[in-house]
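Heads up, there are several structures right after this.
Below, chain A partners chain B and then partners chain C, in two separate complexes.
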Partner chain A sequence: MRLEKCWFCSSTVYPGHGIQFVRNDAKIFRFCRSKCHKNFKMKRNPRKVKWTKAYRRLHGKDMTHDSTFEFERKRNRPERYDRNLAENTLKAIKKIDKIRSDRASDHIKNRLKTGKVQRQKEARKQLEQGIHLVKAPHALAQDSSLCLPKIKVNVSQAQTEENQPMEE
Partner chain B sequence: MVQYNFKKITVVPNGKDFIDIILSRTQRQTPTVVHKGYAISRLRQFYMRKVKYTQQNFHEKLSTIIDEFPRLDDIHPFYGDLLHVLYNKDHYKLALGQINTARNLISKIAKDYVKLLKYGDSLYRCKSLKVAALGRMCTVIKRIGPSLAYLEQIRQHMARLPSIDPNTRTMLICGYPNVGKSSFMNKITRADVDVQPYAFTTKSLFVGHTDYKYLRYQVIDTPGILDRPFEDRNIIEMCSITALAHLRAAVLFFLDISGSCGYSIAQQAALFHSIKSLFMNKPLIIVCNKTDLQPLDGISEEDRKLVMEMKAEAMKTVIGQGGEPTNEEGVLLTMSTLTEDGVIAVKNAACERLLNQRVELKMKSKKINDCLNRFHVALPKARDQKERPACIPQAVLEAKAKQAAEKEKRKTEKELEDENGGAGVYSASLRKNYILANDEWKEDTMPEILDGHNVYDFIDPDILLRLEELEREEGLRQAEEEGDDFEMDGQELSLEEQEALAEIRKKKSLLIQQHRMKKSTAESRPVVPRKFDTDRKFTTRRMGRQLSSLGLDPSLAISRARSKSRGRKRERSVDKREGDGRDAMDIDDNQASKKLRLRSTSRSRSLSRPPGEVIPGEGLKDSAQKIKAIKLAKKSVLKRNKNARRGEADRVIPTLKPKHLFSGKRSIGKTQRR
Partner chain C sequence: MIQPQTHLNVADNSRARELMCIRVIGASNRRYAHIGDVIVAVIKEAVPNTPLERSEVITAVIISTRKELKRDNGMIIRYDDNAAVVIDQEGNPKGTQIFGAIARELRQLNFTKIVSLAPEVL
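And now, the complex of A and B:
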């Protein structure tokens, strides 16, 4: 039993799911669901369809080269069973997974960083330029910080009574 | 060696079919269209062609029949006799002769009619001539119909004859019916002949093949022969007689000692003697079958005598061949096909005898001398008297012995399965014989899938090392990351600044929205002067709110606005009366001043108005008029609104031909008008 990759979107196809199409030149196309299958039949190029992994890798949205990818390689010759090796492999898979996902998220974070910086600069500029819409210049002159003015509320002062000690 | 294969004879069609085939072929392959306006030579040619064509076809087909059927004189006498026995030579020849005559007749007819056609003077005459010609040819064929049917039957039967090669090494099995000839045949060859308890189970010759000393021998099983005068024999017996007569083969005469075939030994001996003339020059072996029922030693004296007589006869044949010393064992043999006791011995003996005889014959013939000169078997000359037997190393002998023992001792999986309850209950442990580093691991189940990965793809003997490296790398990378992160945090806006920014953006979007609305309705929007402020947008309270949200103190502005709205007079009167207090007289004054000032201009209080109240500047006389005006306005708008029209000039039809009005059948009624 093997988990395969969908040819169109590159997600994993679990057993019992999807469709396999074998072309006359014996090339096998596996699809995870009918969405991918129908897209394939429409002859769409996955590298141009935004939500596929192929597009994302091609356009640098997701991580492409990494040493963690080399751990997972299809081996054609089976190895003799060794319990220790099996145990170690299972533990290793978890660790490798974690590292890989960390690296992938870091990659995305870095990618989005420049946008963030830009947006912050823009926001600051907008704030400086538009502060006159929410704060009168007089108020600005008094309190030069770029935030909303504090609204003074007239509280009706009760007559101050002398604090008389309570009659006992 | 020519293999007599009668399977390749083409099918002989019966009379009607024959005519149909030929005529339809003529119809198809010759031109069909002819008009009486054509030139006469063309007409003649047209019909001559048809006649000729038909004749040619008939000739062809009949010739193939005649050629393909074998001529009984030309083939091997065995086949000739066999066919004679089966089909009667005379009938056969007659049938073929009829075909031949038919062929000649047809040729003659064609010739005559073609000659006549050459002088035909009209379409009609030519046509009738052609019709007559074809008709006559067809009649000829109809007359030979029975012969054709007969030949077809013969052909079918011939195709099923066994392919016996008369020249190769052959063994012939003969004897009374039910003595065990077919069982013997089944035992030594792969032929599957019917074996049944009734006589004449085998009704024709059967061929099987067997091997001896790397040579292939034909074994022919014959139907049983009864002891009758020659003329009384039926066709089935005649088959075997023919085979005996013509094939140069080793003869195995079968004798049923037990008598369970229904005939005594005396009868069988009598048969033997009557056909012994056929055994000339053939190696003869007398086989006593069914010894499991009755051993040879146990028979009575007379029977024994008869058997010995037969043996003597057989010996004569041996002596007759090349004067070999009498080999008693090779002549009279016992066996039982049921217990398979002695079957192989019989076969070997027969093959041996036959081989020897054939070799002798070949030696005697002239051709062999040419070859003999080329043969030379080299044997090493013995240098001394020492014996040198084959040398088998001890290890090999031991291994052989062990193998034999092992084969008996080893328990097979099948036995194991049977012990534990059979196929449905026990499932063999396939892992039993696995070769692993540690035998405890044999029953381990290994997961194939983990967290969306195939475990087999990750297996690697040095995965631990690589993992360590990876973790080291990762550690370094994370350290670098943290360094980078610290640079970032300078630029963020504080919470209050963010609030301010949000407000700014909200205000801006509001402004934009309003502007857009204004822009779109600019042309149709009525411009109401601001002083009439129907929406009560311009109140001091509102102003106060807005100013204070901007961070200014509104109290001064509010008071100023209010004072302005009240007008000068009010101020003055307020000044004067400050000290006095209010009398009734002042009220009049107030009222008078009130008249001049209208309540609407005071923006200090927002009060709801009654619907019909006339506002000066509108141009209406009194409230009744205003009410009526309002009513009229609403009425005029009502219909339009109900039709979802935006205004007077909106004549848009969104769909010119809505489908539900222009298509479909009515459940009741007609659709004449839409």
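And now, the complex of A and C:
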């Protein structure tokens, strides 16, 4: 029993799922479900289809280079059964999986950080400018905790002939 | 699902190029042939100046079909075209080379010579 990867979306194909297509040059394409199979028949390029792993890796949305990927190579030589080896491998798989998924989610978090900062800045600006949509000016004036603190800035204006108020 | 009038490619070097199925061997009213079934076919296209000629009636075994082959372990295999290998009455292939990947089912059906000649067995 072997867990294969879907050719289109790169998810794992478990036994009993999906279809294998054998092309005339004996290249085998494995698909996890009919969605991927139908997209393949439509001759779509997985690198251009947004929800596939190929697209996400190509466009930097998901982690591409990591040492945890080295553990999951395709091995063609069957290992002689050794209970200790099997036990250790199972433990290692769990741990490596956890490390890999943590690193992947960190990668995505870092990628989305700049957007979050941007959104907070925009929200602050909107609050400053648009508080009158939320509260009436009279209420704002009475309850000072609602609006942002007014900062008094001293502006120096040159006292020229035009600026002086007219003397009655 | 090969039935009479179906055109099949030839997957060996037995000098025939294209066959047309005439009859599915197995039962009197048998409708379709799948991978591993023997058919009687007529040669529609052959390489010129060879022992096999056009409009010669021969037997062949089906190697690959566009209709999916379902296995008991849940594996489903589909090929790109319908192809057959020309055989004689005992089940030995007439050609000496087989092209393309062969399904494992042929070994259970005693086409061992074909399986041994195949470049890849799925």
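Going forward, the second predicted complex is superposed on the first by the 134 of 168 C-alpha atoms of A that agree within 3 Å, B and C clash if a C-alpha of one lies under 4 Å from a C-alpha of the other, contacts with A are read in each partner's own complex, and residues count from 1 in each chain.
In this section, a residue touches a chain if its C-beta (ideal position, glycine included) is under 8 Å from a C-beta of that chain, and two chains touch if they have at least 3 such contacts.
On a predicted model such as this, the values are computed, not experimentally measured, just so you know.
In the superposition on chain A, A:V117 makes contact with chain B only, while chain C stays out of contact range.
After overlaying the two complexes on the shared chain, residue contacts for A:G16 are found with chain C alone; chain B is out of touch.
Put simply, more of the residues of chain A are touched by B, taking chain B and chain C as the two choices. In the superposition on chain A, contact of A:N24 is made with chain C only, not with chain B. By the touch criterion stated above, A:T64 is placed in contact with neither chain B nor chain C.
Touched by chain B in one complex and by chain C in the other is not one residue of chain A. Chain contact summary for the complex, chain A toward chain B: residues 1-3, 12, 67-68, 71-75, 78-83, 85-86, 88-90, 92-97, 99, 102-103, 106, 113, 117, 120-121, 123-124, 126-127, 130-131, 133-136, 138-140, 142-143, 145-152.
Those residues of chain C lying in contact with chain A across their complex are 64, 68, 73-81, 100-101, 119-120, 122. Those residues of chain A lying in contact with chain C across their complex are 15-24, 26, 28.
Residues 434-438, 441, 444, 446-461, 463-464, 466-467, 470-471, 473-474, 477, 481, 488, 491-494, 496-497, 499-501, 503-505, 507-508, 547-553 of chain B touch chain A in their complex.
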